[in-house]
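Chain naming follows the written order as A, B, C and D, and within any one chain the residues start at number 1.
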């Protein structure tokens, strides 16, 4: 078969660098999936508009950076809060009425994603935009087999920071305790005076905010265009589904998927890597459907 | 059967609903199909089929605008054969299904005599079947891979064989023999790379790596990892669209330098450098038949006229737009030649325009890139490829222009398949195959 | 008397928690057995283990001498075990009639059923069932619109429709009014003798109405077994069960 | 029978047949080839919506992967028609394969040299894949949103595959067979009434067959599984088996849609397996009414008709409109247009049954009579 004329031969140092790149890819996948994982884990909502929230984060950064002149580092929290606010509105307007109908949420959020894409296209046009990378990130690490650009390193660090922050909020604050209580048993939590609706709103807004922050970084890494979000949404779902509910699961699954992607890309090409990866995930779900069987044991 | 009456009522109600649903689709009685394509005293209708919304709109919107600009220009100068041109503009919405639906609308319902459209090979191939079946005429105004021999498509962009013959020897000579090929993962880049390899062999270069990214893909780190491993002297890029912008940006981020290992591209023009920022584009090379900075009176007039018109909102001109602009003039001359052959405008058919277009020239006074002409056999275009280097302002400086026109040869690296002539592909065993896609 | 169901040393453990521990149970033909025990005693889990909803950690389940320990839910159901769930499970969007029809399971394979038009076979059978559980005037109503009691009867009717040789009823009177409970005990008394039943129940007055023999579970194991008066006078049972929740 | 004619089975059949007869009569009134071709396309979309309605509305399984069957069948048909153009002796391989240095026809393409074999494979391969994929999912008792995600991932995998395997598929460029389908010594001009009738005929036949199937006990059990899979399992039904069968049937329907699509469009590319397209099918079914096959058909015709004939200004905001329609339907009209019709007809007294009030045993007899 002549599909892959260049089957890259194994060579140790570049292969090791491929593993490093895998970490970089994994951090991107993790950042893209984190918000989704929180929303799905807490509320059981499959948010098809997640990619578009990332896109909104990127455009927010673009607006603040290029049109207002805010430095990149400040744009990150701005993107977080702006998209979190949008997420809050979405939760109030659409998601709230659909908690008992998870499939319908999936479809409604898909409709929402169309609206978001088209609105952005109407406002900013279809031309690609870009977010400038601050000059202090214009460096490269070049040490024996390690080659990593400053921006990639920054994203890896941000992934660690965001996960830590999320972990802290979930496990070390009263809000986190409430969120986890609602996660485990909504009725029970309600009987302790926890307002589940409020918790849901905040969780959705927080998850959306994480997507916004992700968008800010992806904007710097890649090109902005209105349907850029669709590139992330399938991957983000896979991270969440493979990881199962919980922060640690997402970290592990994104690490696994990122490395696999990098290694497959090293030996073959990116398109084929995606094919192999998606198929593996489907097969994996077949054999490890933990947390995937919808009919819970305790229902009856 | 006491329910029958009501059943029928319900059936009738549903039927009426269905009729209400279907009624908007009803337009013309079929007898119109026998009528001439151009009626005396009317206008000449042409189709303009580009994506004005969706992700392809970035490029194709400019194409649509420049077609309208050219039509305005021609109409202002008296039209074609004394008749005004009436463009029927249709938005293909970046959806391949819509291209295929709208081309049949243009041909069968709107009865345009020719259509300008498309930027991707996928859209060309999607419209081809109906264009061929109705013996109609489609102008595909951008570069493509060749290797097809159809009787109903005229192309005004360079084929794969017209791109590399100057660029590759130039790069090998100035930077070294080792090249890494990076392309978007589809046919055109692969075909271009095959042609590039032919010229590499002739100029003593060698391929040290070849990689393809998905269309729209923007992750180049794994590829740069391999590039670092292989140490090429230059990169030959056939990456298109958004990916191309990502390629150049990540090239910078990864710490590569354009003066050490430049990217020689077939795609990175003025639109792309504007989108990626001139910083990311500067120093790299592009092979194209046209650059905005070309210094000749026709180009000056074109750039000023177009950018000053209501259509020139994009702010730059670009090889793809210029090729599209040419296609309208190629069409105009084709209609005039067809009229001369038929004697009566009502006898002019799309196929007659095509057949009359053999050898049609667009002279220096009209063509911003200089004289070009349509190949009388395969109906692609003869042109002079040029090499430009991107400057700090995002514009290109023409470094080298071919001395002679280079002819299009869709079967150049497949001589065993036969020779593309006006009436079809003449295969070695003596048969003539029409519409080889 | 032949034994219909025989559980030997049935155990179900989740990590460090043992839900059912070495539980033995024998139920004879035509008997109505009541399964009692405080919350968490392992009653519902035992039903799950019998019907294949959960897998045994150890032990065995025999139905009329056949080992059904490792069978799937549908295989066990086809062996003639019918089950009514604690939270009534019916097909909410289907009419009551269609619910009965689905429960009439002469053919179980999809392709065999493609040749069966609805209501061709089940007619006579559901006339009998409707005699027992009622609902004759509600046949066209979507099951989701039934009252709670009606839903319980529908599910009982569906299980009967299935024509099982062993019926497992998990809290059939939960959430019922007194009149409804009375009607339910009538239904059960009608079934007694012709069917073998295991009933998990909290409502002692209901148990008194229907039970032949009572099995009491505690902490996943057998605590006591006997007639209603034997159980009521058993001091151990009093201590762990009656004392804690009280049998009313 | 609750006194609503919407639920009357006979009336339903009359409505179905009436719609198809009406569709079949279109060419006798309007013979513009473009209109016919366009309506034929809508019929194909309608068939896709029917397949979604079956698997989702009746089977309770939200599959976002109907595009897999559609796409596979499209490729099968594309290959069949392409090979009709090639001559096995002096021109055995399609020209796009040259780019990828294929010297001989790949084994994968070999069977498509024969049109009957090609057509059979066009239907068989997607259906077979749905059987395997269905077994993979439903035996593991995957349900709900996880089916949606798994079908989505599988669709994305196939898309990448069609895209990457360029020696066999021409990748992004797609395959455009230069000639219309040649069959029984004639050819099917995509713009002829014949092509239109084939598409409408396939739609009518398969829809009516599906409707008949839903009226069998099999159909009843499928709907029962939708409502409560576990209850069905404890009645002794092999739920996974039923789900696999109904999933495969939906794949079979989508495969026919793929076959007809390429017949009237003469083009196939990976876009047939785009995620957005597969979700669109769900949109059509949802707008029309997922729990009604006819509703799904009407939904497909309506959404696509609006999309094609919206004014130019509105074209720019088409996605906004579609998104809004969709959210609106999901939020306020979960049973779609068919549900709306059901609601309206419930206000119309029908038969002997008192409408909307008390049910009586007598009203039940109407259905038996019908």
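Quick note on the criterion: a residue touches a chain if its C-beta (ideal position, glycine included) is under 8 Å from a C-beta of that chain, and two chains touch if they have at least 3 such contacts.
Owing to the predicted nature of the structure, the values given are computational and were not obtained by experimental measurement.
The minimum number of touch steps linking chain A to chain B comes to 1. Ranked by the number of C-beta pairs in contact, the top chain pair here is B-D.
One simple way to say how far apart two chains are is to compare their mean CA positions; for chain B and chain C this gives 72 Å.
Work out the mean CA point of chain C and of chain D, and you get 42 Å between them.
Here the CA centre of chain A is 47 Å from the CA centre of chain C.
With each centre defined as the average position of its C-alpha atoms, the distance from chain A to chain D rounds to 32 Å. Of all residues in chain C, those touching 2 or more other chains are 53, 85, 89, listed in ascending order. Residue positions of chain A with contacts to 2 or more other chains are 269, 271, 274, 300.
Contact with two or more other chains is made by residues 53, 185, 214 of chain B.
Across the complex, chain B is touched by residues 5, 8, 10-11, 14-15, 17-19, 22-23, 26, 29-35, 37-39, 41, 90-91, 94-96, 98-100, 160, 163-164, 166, 170-178, 180, 189-191, 265-267, 269, 271, 277, 294, 298, 301-302, 305, 308-309, 312, 315-316, 318, 345, 350-351, 366, 370 of chain D. On the chain D side of its complex with chain C, the touching residues are 1-2, 213, 215-218, 220-221, 223-224, 226-228, 230-239, 241-242, 245-246, 359-361, 363-364, 367-368. Chain B meets chain A in the complex at residues 53-55, 57-58, 61, 185, 209-214, 216-219, 221-226, 228-229, 242, 245-246, 249-250, 252-255, 275-277. Those residues of chain B that touch chain D in the complex are listed here as 3, 6-8, 10-12, 14-15, 17-19, 21-22, 24-30, 33, 52-53, 91, 93, 95-97, 100-101, 104-105, 107-109, 120-122, 125-126, 128-130, 132-133, 145, 147-148, 185-188, 190-191, 194, 214-215, 414, 417, 427, 429, 431, 433-437. Interface residues of chain A facing chain D in the complex, by the touch rule stated above, are 1-3, 46, 94, 97-98, 101-104, 106-108, 110-115, 117-119, 122, 230, 234, 237-238, 241, 269, 271-272, 274-275, 278-279, 281-283, 285-287, 289, 292-295, 300.
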